Every structure is written in structure tokens, then in C-alpha cells.
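There are two complexes below, and they share subunit A, which is joined by subunit B in the first and by subunit C in the second.
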Partner chain A sequence: MQCGSSTETSSLFKTHNPWDLSRVPGGSSGGSAAAVSADMAPWALGSDTGGSIRQPASLCGIVGLKPTYGLVSRFGLIAYASSLDQIGPLTKDVTDSAMLLNLIAGYDEKDTTSMDMPKKDYTLSLVNDVKGMKIGVPKEYLGEGTSAEVKEAMMKVVKKYQELGATVEECSLDVGQYASAVYYIIACAEASSNLGRFDGIRYGYRTENFENLKDIYKNSRSEGFGAEVKRRIILGTYVLSSGYYDAYYKKAQKVRTLIKNAYNELFEKYDLLLTPTSPTTAFKIGEKMNNPLQMYMADICTVPVNIGGLPGMNVPCELDANGLPIGFQLIAKPFAEETIFRAAYTYEQNTNFRAEHRPTFKG
Partner chain B sequence: MSKEDYEIVIGLEVHCELSTKTKIFCSCPTEFGGEPNTHCCPICMAMPGTLPVLNEKVVEYAVKAGLATNCTISQNSKNDRKNYFYPDLPKAYQISQYDMPLCEHGYVTIETEDGEKKIRLLRIHIEEDAGKLNHDDYGRGTFVDLNRAGVPLIECVSEPDLRSPQEAEAYLRKLKSIFEYIEVSDCKMQEGSLRADVNVSVRKKGSNEFGTRTECKNMNSFRSIVREIEYEANRQIEVLENGGVVEQETLRWDDVSGRTFPMRDKEDAQDYRYFPDPDLVAIKLSDEYIENIRQNLPELPESRKKRYLEEYLLIPKAANFVTSSKYYSDMFEEAIKICNNPKTASNLMMSEIARILNEKEEEPENIPFTGKELGELVQLIDKGTISSSIAKKVLEELFVNPKAPSEIIEEKGWVQISDEGAIKEVVMKILEVNPQSIADFKAGKDKALGFLVGQAMKETKGKANPQMLNKMFIEELKK
Partner chain C sequence: MADISQDEIVHIAKLAMLNLTESEIEGYTKDMKDILAYAEMINRLDTDNIDETIGATEQKNVFRKDEIVNFENRELLLQNAPSQDEGMFRIPKVIQ
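So, the complex of A and B:
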């Protein structure tokens, strides 16, 4: 089990970024993203709770899609935060992404949170045309904290879409600033409960040091979980405790509704929203290890999408001065993956990221 | 002050296993028994990656229970997680309902010495049962059996309206009877499918404030519940009378010593961290759905009682008795279909069957024969094949060796003697050895006749037709 925006807290091995081996591949599906990026795998599936598909896809220069909550069954996925988790494809290009989504999307009677609706063929959306499409760019994600190079890359993307016939304009998702706080409360609360079964009785690591039942629980969980997981379990336990529930968990759920409403309003006006996927490119291994807060900043652009239950995709677009990939994120309203595919495909067809850039395995 | 100055206040939380075929969140059988861990699957064993799917039958059964106890059914309800660590709980949380139970604000009516009394129900909610821990006798450790994990339960919480152990028993019997009538549970207490957490407190009579209560968990016999309440109320009164304070605590009842003990784990001021289960969608019930269940609710005891009084002309005492349990009531209806004699059928049930069950400390559901046998038995009495005293012996036999009553009386040679010659022979024999009774009768002591008939019955081991005996004795005595 691992969480976080790098793979540094992994209980197994650290993964390196194929574009620069001294850097992280992003997390938590960093291993899968690195493998696809390095041509070690044709494609991979990842799980995305707060950005775990899109952020590593961005840092490794590949396409990563988090589908709408409820589009892909969660049955078989080890739950981290049940109301946010989604499975999605990590692929080299948009076509592969659509083909893979065709295979995994659809209602599953074993997951009552999956949506019962007719199957779609997403490859039909691979159309090189965005004329008339309306794209909103929430200004909040291009402010402080987003690197100059990322901002510059975003401006190029905007320009490209305008050239291709889409209308692109600035908009605002003011309430989005609370998404990270909401995310950490809800995700940690759900995780603290979901990870309860790894208690050394039937599942998970069991300590060898125990004299009674309480020892088994205490020592198994103390010895078995990594620091970041423990941090989240403790936070989640706290926000669900009686006396704090209303102030944290319940309030977070209310804000979640506000964020969803704000998205709904934007989607009355726009077909898609465009943001960076990550505010920076891949950081050095160990750089943010001891600064959880800074590490949490890394998923600031991806987390609101999970809170809204929306589909979001990373599309690679540029390299920074260090030769590290930069990606942009396309967000659509629930179950409008087709719109994302169309816009992403059009961008891909009219640019040359993958043809011009390959991982260098330097460092 | 004495015991009489105090009032006992009791509230019950009754857990009742629903008799759905499958578990609440997977399709494993709910069947009782089976080798350990044979009625389970990855879902009820909490395998990581699995998800629960709510069994719609569970909702239907719980709504039935709510309607039969006059509850309001919530159209919007949800499942919540109750988080705690225990080896019989593989997910480390129980899926239950916290702040939006399926049914709320109902009541049931019980009979008390002072007439009918309404006992209010605060709520009924659905939840899953936990597994079972088997402690190994050879010290090899504790084994977890997950056959019960995920069996659907309803928890019915009463208001603290009960004022005596007898009222508590009557309430529990009523609830049990209702759930049996509407066929949502078999309510078998020995198998643990009906169990109660008993909350007891005491207060000075006339006081409006509740005293501090103690809770005794998982009680599964009427007798222990009555004893526990009596013991616990007396203990609390004693504590108060000696100037002490009752501590709010969870107790364990020990049936052997007849005492309560504080549970060892004092840290049970647990914080369960309830929150809505994100793996399950909200429960939404339409008006039509609820109405449909209401329309199709089986006949409840109150209505059967009315029918028995009006159609079968039972006396109220008999009607109350027969409808007190669905098993009695069903047996009665089956019997009268055969014998068409409601009076004798109900009398046999009320006097003999109830007495035998009482002696055996068993419940009506444990009667090993059916209404068919009872009906035949009544028929045999009505035909004069056996006397009612033989009928009592046949009932005793039916409990041991249930088969057709006609077969029993044949095997045992219990057929009533109705042959005039044979009866006359007995009468003459008894008269011969009881000259004093003849004299008494002639002196106007009618009791003597009863004595003589009794002697004749004894002589024939109860087989002689009592009406014929009576008639023949009078004839002979008047000669």
C-alpha cells in the first residue's frame, strides 16, 4: 500500500522517472506510468483517488485518464477512498486510451456505485476537430505555485486550441481552493476505515511481538504501515471522531457539494475545462520527502476533479528546460469522456510531442 | 426507604436475525449450522477489493417489521459504517444504520395486570451480524468462524417504557410473536436469532428523571432476562440505599450464579466513528413500494384474535392464548379444519400443551407435532373413541413420539370402552367393593357418585366412557 505524490513512500522499491533517473515518476501509479513511458509496457491501468493516474502520467509524459466516478467498476480494486477511487488507463497516446476505456467501462452489478447505462464506443470520438468547442481555463490554477514554464506551456496549448477553432476563455473556480482540504478530510476518513481490515488478524502484516489481542492490533499496524499511510489513518480517524465529525467530515461533504455545483455551473457554459495537470515538473527523489505539505501541493490541480466525480485526462505537451515533460489536463462534465477524447485527439494530431520527445534515461 | 419506593425503568434493544435466504451484502446462505467457514465468500470475509451489494429482501423484511409495529418508514435512508476492531469483524467495521434508520417511532401493545399498555419503539434499523469466535479447549488459540458474518439483522430499540421484568418479558414475547406472524424471522432464541441488550435503571417513584442505567448485552432467554432485571434492579436499589452511585457500565449476566458482572474491558466507551458507507448508494423507497408491502402484510395477531372471538366464539382468555404465538395460532387453525371444534382444540392447547411446554421449558416453536395431529385427537374425543383423560396421555406421547393419535391409542390399547356389557361389568365390580359409597349416595351425598366414577376410571386405566359410567351408576344406585 502506498500513497502520496511520489513513489518514495512505497513499501517495496523506489521507482525512477525515465526522463531523469534522479527524479520521481509521480504517484501513486508512478511505477505503471514509468513503465509505459519507458516502453516497458504497451499500456497499464492505474487507480486514481486524487490524481494518481494523471499526475504520474504528466511527470512521465504519457496519456492518463481518470474516468467519471461510476464509469468503471471498483470491484477488485483495493479500496483507498471509496467515494473518490476510479480505475483508468495509462497509455502512450489518446487512441490507446479510448480503446482501453472501451474494455473497462460499464455497469457492474457487483459495484452499486457503478452507473447502469448503455456501453459506448469511445473510439468514435477520435475525431480531429474542435471547431466550435468551448473551453474554460480556470485562472486559479495558473497563479502562484504553478511554475513559469508550466504556465508558458499552458498558454501555448490555449493558443493551439484557438488556432484549431475552439473558443478558449478564462473562467473562475473560486471554491476550488477548498478542494484539497476537502480531499484530505474525505480521503483520509474513508482510508482510515478501508484500511482497518489490514489488522494482522486475517489480512495484512502480523507482528511477531504480541501477548494479547490489543498487541496484535497495535504492533501489526505500527510495524506494517508506512509513515505516510499512518499519517493519513490518524488524520482520518481524527476527523471521524465524535465531537469532530461535524466540524470536519460533515463540513467537508457540504463543501464537496458546493464544488460540484460550481463545476455544474461552469459546464453550462463550457464543454471542457483546461488546467495544468501538475503545477511543476518532476521533482528530485528525496526533495519533498520531509515536507508532506509541499508534497500535497503536487496534486492541487487533480484533486478537485475527484471531488467533483468528473473525468479528467493528462495530455503531454512540452518539455521544460531540464527536458522534463509537462502535461495539461482536460476536464469534462460527468460521463462526457467523449468530449475529452475528441479534444485530446485533435491536439495530438496537430502536435508532435511523442514524435519529437522520448525518455532519455539520463541521470 | 425500601424496594417498594423505587420504580424500575427498562429499555430493550432487540436484535433479530431476518430469515432471508441469503446474507445482507452477498449471496451466501444464512442457514444456521454448517462447518465453520463454509457459508462465506470473499465479500463476507472482507477480502480487499470486494464490495457489498444490499440484498433488497432485507429492506423488504425490515419495512414489514416496521409496518407491523406501527413505525413510520423512512423514504430516505442509508447504510453507515460502525468502525471497531474485533476478530469476529473482518472488515473492522460493521455496516449498520446510524442517524437515518429505516423505521422510526412505532409501538406495540402488551397486556399487563392493569390492562393494555403501549410500548414505544424508537427505531428499527438494518445491519449485518458479526462472525463467531470459538475458543479452543486445548489452548491452541481462538478460531474465527465467519458463517454468521453478514447475516441480516434488524435492531429494534424500545423507549424506556417498561416498568417491570414481567412487562419486559411480555414486550419481548409480543415482538417475537409479531415477527413470527409476518414471517421475517424464525426468532429462535437458542440459535441466537433473537437476542436482547437489556438496559436497567431505577428511580424513586414519582421522579421524572431517569437513573443511571446499566446494559447487559446479548441475552437470549426470557428466563435470564427476567432474572437479570430483578437482580440488577435490586442491586442498584441496594447501592442507592447505601448512599452509593450506580455506575453506567456494560454488564455480563452469569446464569449459573444469577449475578451480573462488569465486563472486563472497561474501555468500552468506544468511539465507533460512524460515517455513511461510500460503497453503498442511499436507500430510497417510493410510496408505492411501502404501500405495496403494507397491503400484502400477513394477518397480524390482533386481527386473528378478533376473528377467533367472532367466528369461533372463543372466550377472550383462549383467544389471547392461541394468538400469543404464530405457532399456536397456525396449529389451532390447522386443527379446527379437521375437527371443527374450536373450543376443545383451544382448551387442549391452553391447558395441556402449554403445561407440557412449561415443564420442558420449551417454546411453542419446539412442539414436535402439528395441528393435524391435534385436530385428529379432538376428533377422537368427539367420536367417543377416547376420553379426555386419555387425550391428555396421547398429548404427552405426541411430544415424545409424534405420529397419528389413532396409531398411538391403538398401540397403547387406549381405545375407550363404550361397550355396554363391559361398562356394566366394571360398575358392578366397583359397587361391590364400595358399600359405604352406596349408602352415602342413598343418604343424599352426591359426591359419592363422583368417587365411584373415579374408581371405575382407575380400574379401566381411564378407558371407560365417563358419560356411560355416570349413567349406569345412577341407574344401578337408584334400583
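So, the complex of A and C:
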């Protein structure tokens, strides 16, 4: 069990970023992303509740897709935040991503949130053409929190899509600024409930140190959970506790509706939205360990997509001055993965990120 | 409202079945203050007459047929047991 944007609080071992071993791979599927990036695995699956596929994919320079909520069954995944969790592919390129999604998408009676709809062949969307496509760029994600190099890279991506015949224009997702606050309330509330099953009897680690039932519960949980998981359980229990439920949890669910509505409006006008995946490139191991709030800000571009239940993909595009990957995120309306594949594939075919750049394992 | 005390953290930890050390109580109290002070921003939005979003999809009441399906692979099930005995889950005594 692991959560957070750096993979530093993993219950097993720290993972290092293959592009610079002194830096984090992103998280929480940082192990999967690092393994694919370093050619230790041809592809991997990750789970994404607030960006845990896309953000490590960005920091490790690979393709990561969070499919629409309900497209892929979560059967077998340990539930973290059930209204946000989704499984998706981490791959070296867009073609592999489409092929892997073909294998994992579809209805499963063992996950009641998986949608019963006809199977699609996503490789049919690997078409090198974005002419006439309309892409919106929410200006809020290119503000002060985003590094200058990431902004510059986004401008180059915009220019590339324009050259290729897409219409790209600035738009606004003002209510998106509330997404991280909504996310941490809802995700932690759901997590504190979901992780209740780890009681030392039914699931997971069991303490050896107990005299009665309450000891088993308390000692198993206290010894078995890491610091970040405990922090989230405490926050989640707090916002669900009597007296605070309406002020935090219920209010957050209402703001979630406002965020979904804002996306719906944007997708009446645009086929895709384009943002950075991460406001910065990979940070140093230990840099944000003691500041949970700063760590949470690493998810600022990816979290709103989970709040909306939308599909989003990281596509690698540039390296910064330190030789670290920068990625952009394409977001589509629910179940419009084909539009993402088409735009991502077109970008990939007309640029050379993977041919020119490989992890260096320096540091 | 975000003025959360160490006593409250102790109470919340009790609800969540967690033992916290003195330094954890201190650390988490500070963290909760910071995080909740940030989360307060949602109160700037007017949400009168707005419905809550409970799930990510509009699905409601997904039912299955109430049919018994036997699972025959006992060995596979027992692989998940932290401790087993003669084909059964072995658990600590939980009733005093």
C-alpha cells in the first residue's frame, strides 16, 4: 500500500527516477513508470486516483493513460478512493497504450461500476491526422505554480498542433482551482472507509503483539500502515466525523458537481483539453517529504480529471535543462479515449522524443 | 474551523483505530491544520441548489441475480490466509 506523489513512503523500497537517480519517479505508480522507462518491462499497469499513472509517466518520460471511470474493471485492485480509482496502461508509446487498453477495457460483473457497452478497437484511432480538431488550453494551468520550462514546452506543443492543422485556443477552467481541495477531502474520506478492512483479521498485516481484539485492530493498523496512509486516514476520518461532515465532505461533493459541469461546458466547444501533466519536472528525493501540502500540489493538473471521471493521457514532449522529461496531458469527455489516441499518436509521429532521448541513469 | 487541537487528533485516531506516538500526534495536528486551512477555500463557492456528486458515473442500483455460485478451488482461497490449519483459516481468538 502506497500513496503520494513521490513513491518515497512506499511500504517496500524507495524507487529512483531512471533519468536522475537522485530524484523521485513520481507516484504513486512510480515503480511501474520507472520500470517501463528503464526498459525493465515492456509495459505496466498502474492505478490512478488523482494522477498516479499520468504524473509518474510524465516524470519518467513515458505514455500513461487514465481511462474514463468505468471503462476498466478494478476487480483485484485494493480500493483506495472508490469514486476516483481507475486502472490504466503505462507504456513506451501511444501504440502500445492502445493495444493494452484493448485488452483491459470492458464490462466485468465483478466491478459494478464497469460500464456494459460494446468493445472498441483503439488501434483504429492511431491515425496521423488532427486537422479540424479543436483543442482548448485552460489558462489556469499555465500560471505561477507552473515552471517556466514546463510553460515553454506547452507553447511548443500548442504550436506543433497548430502546424498539424488543429485549432488551439486559450480557455478557462476557473473552478479547477478548487479541485485539489475537493480531491483531498473526498479521496481521504473514501480511503479512511475503504482501509477499515485492514483490521489484522481479514486483510493484510497482522501484529504479533496483542492481548485482546482491540489490540489486534489497533496494533496491526498502527504497525502496518505507513506515515502518509495514516495521515490520510486521519484527515478522512475527521471530515466524515459528526460536526464536520456537512462542512467538508458534503460541501466537497457539491463542488465536485460544479467542476463536472464546467468540464461539460468546455467539451461542448472542444474535442480535447491540453494542460501540463505536472507543474514541474522530477524533484529531489526528500525535497517534499516534510511538507504534505506541497507534495499534494504536485497533482494539481491531474486531480481535476479524476474529479470529473474523465480520460486523460500523459505524452512526453521535451527535456528540461537538467535532462528531465516534461509531459503534456490530453483530456477528453467520458469514453472519448479515441480522440486522445488520435491526437497523441499524431503528435508522436511528427516529433522524436523517444528516438532522441533515453534515460541516462545518472546521479 | 480549521483550529484543530491535539485532543481532537487523539479522538480521531481512536475512531480510526490507530495508536499514535506523542510526536505523531504533534506532527499530524500541524499537518491537519495546514491541510484544512487550504481546504477551507471551497467555502468561497456558492453551492445552494447544487446536488452532490456521489459517484463518477450516473449509474444507480446495479443489481445482480441472487444466485449461488460455488467456488471449488479451496487451495487458491487458502493462499490468502496469513495462517491456516487443516484446510481452514486460522485466526486469533477474538472473543474473551
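Note that the second predicted complex is superposed on the first by the 363 of 363 C-alpha atoms of A that agree within 3 Å, B and C clash if a C-alpha of one lies under 4 Å from a C-alpha of the other, contacts with A are read in each partner's own complex, and residues count from 1 in each chain.
As a working rule, a residue touches a chain if its C-beta (ideal position, glycine included) is under 8 Å from a C-beta of that chain, and two chains touch if they have at least 3 such contacts.
Remember, it's a predicted structure, so these values are computed and weren't measured experimentally.
Contacts of A:213 after superposition: both subunit B and subunit C are touched.
When the shared chain is aligned, subunit B comes close enough to touch A:193, but subunit C does not. Between subunit B and subunit C, the partner in contact with more residues of subunit A is C.
Looking at the shared chain after the overlay, A:182 reaches subunit C, while subunit B stays out of its contact range.
Once the two complexes are laid over each other on the shared chain, residue contacts for A:79 go to subunit B alone; subunit C is not touched. Contacts of A:361 after superposition on the shared chain: neither subunit B nor subunit C is touched. Once the two complexes are overlaid on the shared chain, A:245 sits against subunit B while remaining clear of subunit C. Once the two complexes are laid over each other on the shared chain, residue contacts for A:201 go to subunit B and to subunit C alike. In the superposition on chain A, contact of A:109 is made with both subunit B and subunit C. Shared interface residues of subunit A, touching subunit B in one complex and subunit C in the other, are 83, 109, 112-113, 192, 199, 201, 213, 217, 237, 241.
For subunit A in complex with subunit B, the residues that touch the partner chain are 74-79, 81-83, 109-113, 189-190, 192-193, 196-199, 201-203, 213, 217, 237, 240-242, 245, 249. Here subunit C touches subunit A in the complex through residues 1, 4, 8-9, 12-13, 15-20, 24, 28, 31-32, 34-36, 38-43, 45, 47, 50-57, 59, 62, 64, 82, 91-92, 94-96, going by the rule given at the top. Taken together, the subunit B residues at the contact with subunit A in this complex read 45-54, 81, 83, 85, 87, 90-93, 144, 271, 273-275, 277-281.
Against subunit C, the residues of subunit A that register as touching in their complex are 69-70, 83-84, 109, 112-113, 115, 175, 177-178, 180-182, 184-185, 192, 199, 201, 206, 210, 212-214, 216-219, 221-222, 225, 230-231, 233-235, 237-238, 241, 247-248, 250-258, 260, 292-293, 296, 306, 308-309.
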